[in-house]
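Shared between the two complexes below is subunit A, which pairs with subunit B and subunit C, respectively.
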Partner chain A sequence: MTFEWDWAYTQEILPILGKASIITVQATVIGFILAALIGLVFALLRMSTLAPVRLATGAVVEFIRSTPLLIQIFFVYFVLPEFGVTMDAMTAGILALGLHYGSYCSEVYRAGLDNIPKGQWEAATALNLSTLTTFKDIIIPQAIPPVVPALGNYLVALFKETPLLSAIAVLELMQTAKILGSESFQYTEPITLVGLFFLFFSLVSAALVRQVEAWLKTRHGGA
Partner chain B sequence: MEQVQSRLVVAIVLSFFLGLMVATFADVRVFLPELLRGAWITIQITAGGIVVAILAALAAAIGKMYGPRPVRWLAITYIEIFRGTSALVQLFWLFFVLPYFGVTLEPFTVGIAALGLNVGAYGAEVIRGAIQSVDRGQWEASRALNMTRMQALRRIILPQALVAMIPPWGNLFIELLKATALVSMISLGDLAFKAQQMNQNTLKTVEIFSLVLLIYLAIALVITSLMRALERKAAKGLSRGRG
Partner chain C sequence: MSADHPSAAPMVRFENVRKSYGHLTVLDDLNLDIAPNEKVAIIGPSGSGKTTVLRMLMTLEEVNDGVIWVEGDPLTHMYRDGKLVRANKRHIRQVRSKIGMVFQHFNLFPHMSAVKNCMEAPITVLGLSRDEAYERSRVLLDMVGLGDKLDHYPGQLSGGQKQRVAIARALAMRPKIMLFDEVTSALDPELVGEVLNVIRELGEAHDLTMLMVTHQMGFAKEFADRVCFFYAGKIAEQGTPDAFFGNPQNERTQQFLSAVLEAD
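== the complex of A and B ==
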């Protein structure tokens, strides 16, 4: 069989894939905001003074991190409705992405929180600040900037996992490419284009993360 | 320490729930054998993927660091393409597009190749980092002992780099295990595929998907503890060598 790239077909499907990429970007952005928030909550819970809370959160994070995202997506989409929580495919997918990457992000935050010098905690106590104020005004503002590049890496990773949403029929890039392929029996063009799309955006965002990293280094005295 | 405790809690909770499910749901005994057959495929793909990943990573890392220019470019292209695109897209590309080039592979082979190459690209960077973390003096000493570059790499540098790369490889193997769930989408009968199939047949959604998560967790725990043991063993050899 000879291999041919069909340019006319490429032109025909490019706008359709372009429209689908908006869904992919939406899932990425909302999913990551969710992951960043869930991650912070997990990280703070792991610092709790109550040992059971600490251990339980650790176990949950460990559990989410060692099971496949695909099964978690199915779980949120198929199992939660049995408990009366029904949501559409897109919401379920974003929730699963947020939970999965939230547990990864919590480890990143934890590294940032662990790096705060003991003196900062002691000074906050000496100034009679409440726990809430200590976290909000002293600890978190110092803990987060250094870990932004590591969070950025997970943003790129989350972006690359969004094709999994095609498994619950969210009409993102991969699902659209599959449908196009099955309609025309030409899989080469749609799937290659999707691959190029991901490659392009991953390289761009990896470069952006490096820029942010360099900027943070100059701003924070480059340790 | 806390990490180890969490893992212990996970293991205890895991065995508790597994026991509870088998004891309370009669259905579990019906679909457990089928799920375990799927799990066996998952384990085979994970094992095959690990072998492919290590070989690809080693070749790409050494090619990128010491190869002549064309080899270096080839290695960089491989690493960037497989790290820059989704694993699922790679899987579909190998499965749907390769036949147009006249190469038709079994789903099983495609699964092992795609996942192994994907994880191998990340592993290449792990190996490169570990090799670069070995003290320069070790290279100079090997040169002084009249070793060739290959000899120095194989006998002096890699054994020391090995210690530094075991923990990140452990993480990558877990990633690989989790990524095997993707092969269900090219109709390979792994654990994730059996889960969907049984779910459609029996509609016991809660039991099946909970059980499947627990099985994945059990496999992940086995990999983690194996890697921990390997880490201890490799580090022991090193300290004896230095002392």
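== the complex of A and C ==
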């Protein structure tokens, strides 16, 4: 059996996959912004002086981290409507990605927050800064730069898991490739192209994360 | 209490203050009055509770018993229905605004330039405009000899320069009471002088009550109005520098002084 790569077919589907890749990138970017914010909120809630808040947040984070993303995607899309929360597949998928990776990011932030020397808190108290100002101006700006590489890893990981959204028929790259394949009975070209798309974007985002890291290192006179 | 005659009240009063960590009693029934504008040097062996005294006054540690007063107002406590109860956060913040502190390890904000370090609290706590806060900070940094380092980050400054920024930063809040905890201990010997000079000038030029934990006996002698010698959680002896250094009464004081003076 000989195999021939079909260039004509490739040319035909490339624009379609190109459009679908926009959906994938959208889901990645919005999902990650959501994850970064949710993660920070979780991490801060886990520092609350109120024990119930701390414990409840810890339980939620632990629960989300120990259940599969695919189940969470189904849950948000199919189960939440039972409770009157309805959303389209894309929104549900992004929300699930944000929650799932948010709980991972919260651990990253926690490590960053824990590493702030006690003296920084004490200086903030001695200057009579409010709790809000202390977090906003003193603690968070110092806690985040060291954890950017770890957050960047989750960005790439989240990106590579976006094909799971095909399970609820979001027309991202994977779902589009599956549809193309089933229409033409030619799976090789679409699936290979999707792989190449992912490779390309992974390399680009990894390079971007490294740039940001390098930039963070040179600020503040290198201190 | 003399809450209605603040001018007659001491600037700081420790009243029967006790502090312990678990079974370890660090300060035992401390009573200490400090007059407005008074400069008090706190000396004593390691672990005698010197830092703890300052940290309780800065509200970085809670007292187990007793009350700390500032200008006749309770700091650790507040009045409710005419009775003293534990202070809430809001009350503490209000009274604490009269106190500033300089730490052994500077504790500057590393992500902010020298001038930003000084501007932060005046803007966010006192509500100054950026321009006002900048001007106030510039004047103070100038006073501590860093007028040409406003935009330098802590990582670009020497230890002595960092500590002088920390002093300016505390002063930017216009405190009435300044606490110094071994502020030259982390410095190379040749940088100690520049920081002590700033403190000396401060004491002369401003109405400031100062409490200073120090191992610099020479500086304590010339600068302080009173020296308090702590030993095992108590004030074992106190007096004017002349009396204290010239004619120490307590056996512990004599031992301590001969040990440190020998070491010098």
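Throughout what follows, the second predicted complex is superposed on the first by the 219 of 223 C-alpha atoms of A that agree within 3 Å, B and C clash if a C-alpha of one lies under 4 Å from a C-alpha of the other, contacts with A are read in each partner's own complex, and residues count from 1 in each chain.
Rule of thumb we're sticking to: contacts are C-beta pairs under 8 Å (C-beta built on N, C-alpha and C of every residue); 3 or more make two chains touch, one makes a residue touch a chain.
Just so we're clear, the structure is a prediction, and the values are computed from it rather than from any experiment.
Trainee: Could you let me know whether more residues of subunit A are touched by subunit B or by subunit C?
Mentor: Counting contacted residues of subunit A, the larger count belongs to B.
Trainee: Using the superposition on chain A described above, determine whether A:S130 touches subunit B (first), subunit C (second), both, or neither.
Mentor: In the superposition, A:S130 contacts subunit C only.
Trainee: Where does A:E122 make contact in the superposed view: on subunit B (first), on subunit C (second), on both, or on neither?
Mentor: second
Trainee: Considering only touches as defined above, state whether A:S202 meets subunit B (first), subunit C (second), both or neither.
Mentor: first
Trainee: Going by the contact rule set out at the top, does A:I138 touch subunit B (first), subunit C (second), both, or neither?
Mentor: The answer is second: A:I138 touches subunit C but not subunit B.
Trainee: Just which bits of subunit A does subunit B share with subunit C as contact spots?
Mentor: Residues common to the subunit A contacts of subunit C and of subunit B do not exist here, since the sets are disjoint.
Trainee: Name, in rising order, each residue of subunit A that touches subunit C in their complex.
Mentor: Residues 117, 119-120, 122-123, 125-130, 133, 137-138, 141-142, 219-223.
Trainee: In their shared complex, at which residues does subunit A touch subunit B?
Mentor: Listed in rising order, the residues are 1, 3, 46, 54-56, 58-59, 61-63, 65-72, 74-75, 78-79, 82, 160-164, 166-167, 174, 177-178, 181, 187-188, 191-192, 194-195, 198-199, 202-203, 206.
Trainee: How about subunit C: which of its residues touch subunit A in the complex?
Mentor: Going by the criterion above, the answer is residues 58-60, 93, 96-97, 99-101, 103, 105-111, 120-121, 124-125, 152-156, 169-170, 173.
Trainee: Going by the contact rule set out above, which residues of subunit B touch subunit A in the complex?
Mentor: 2-3, 5-7, 9-10, 13, 80-81, 83-90, 92-93, 96-97, 99-102, 174, 177-182, 184-185, 192, 195-196, 199, 205-206, 209-210, 212-213, 216-217, 220-221, 224
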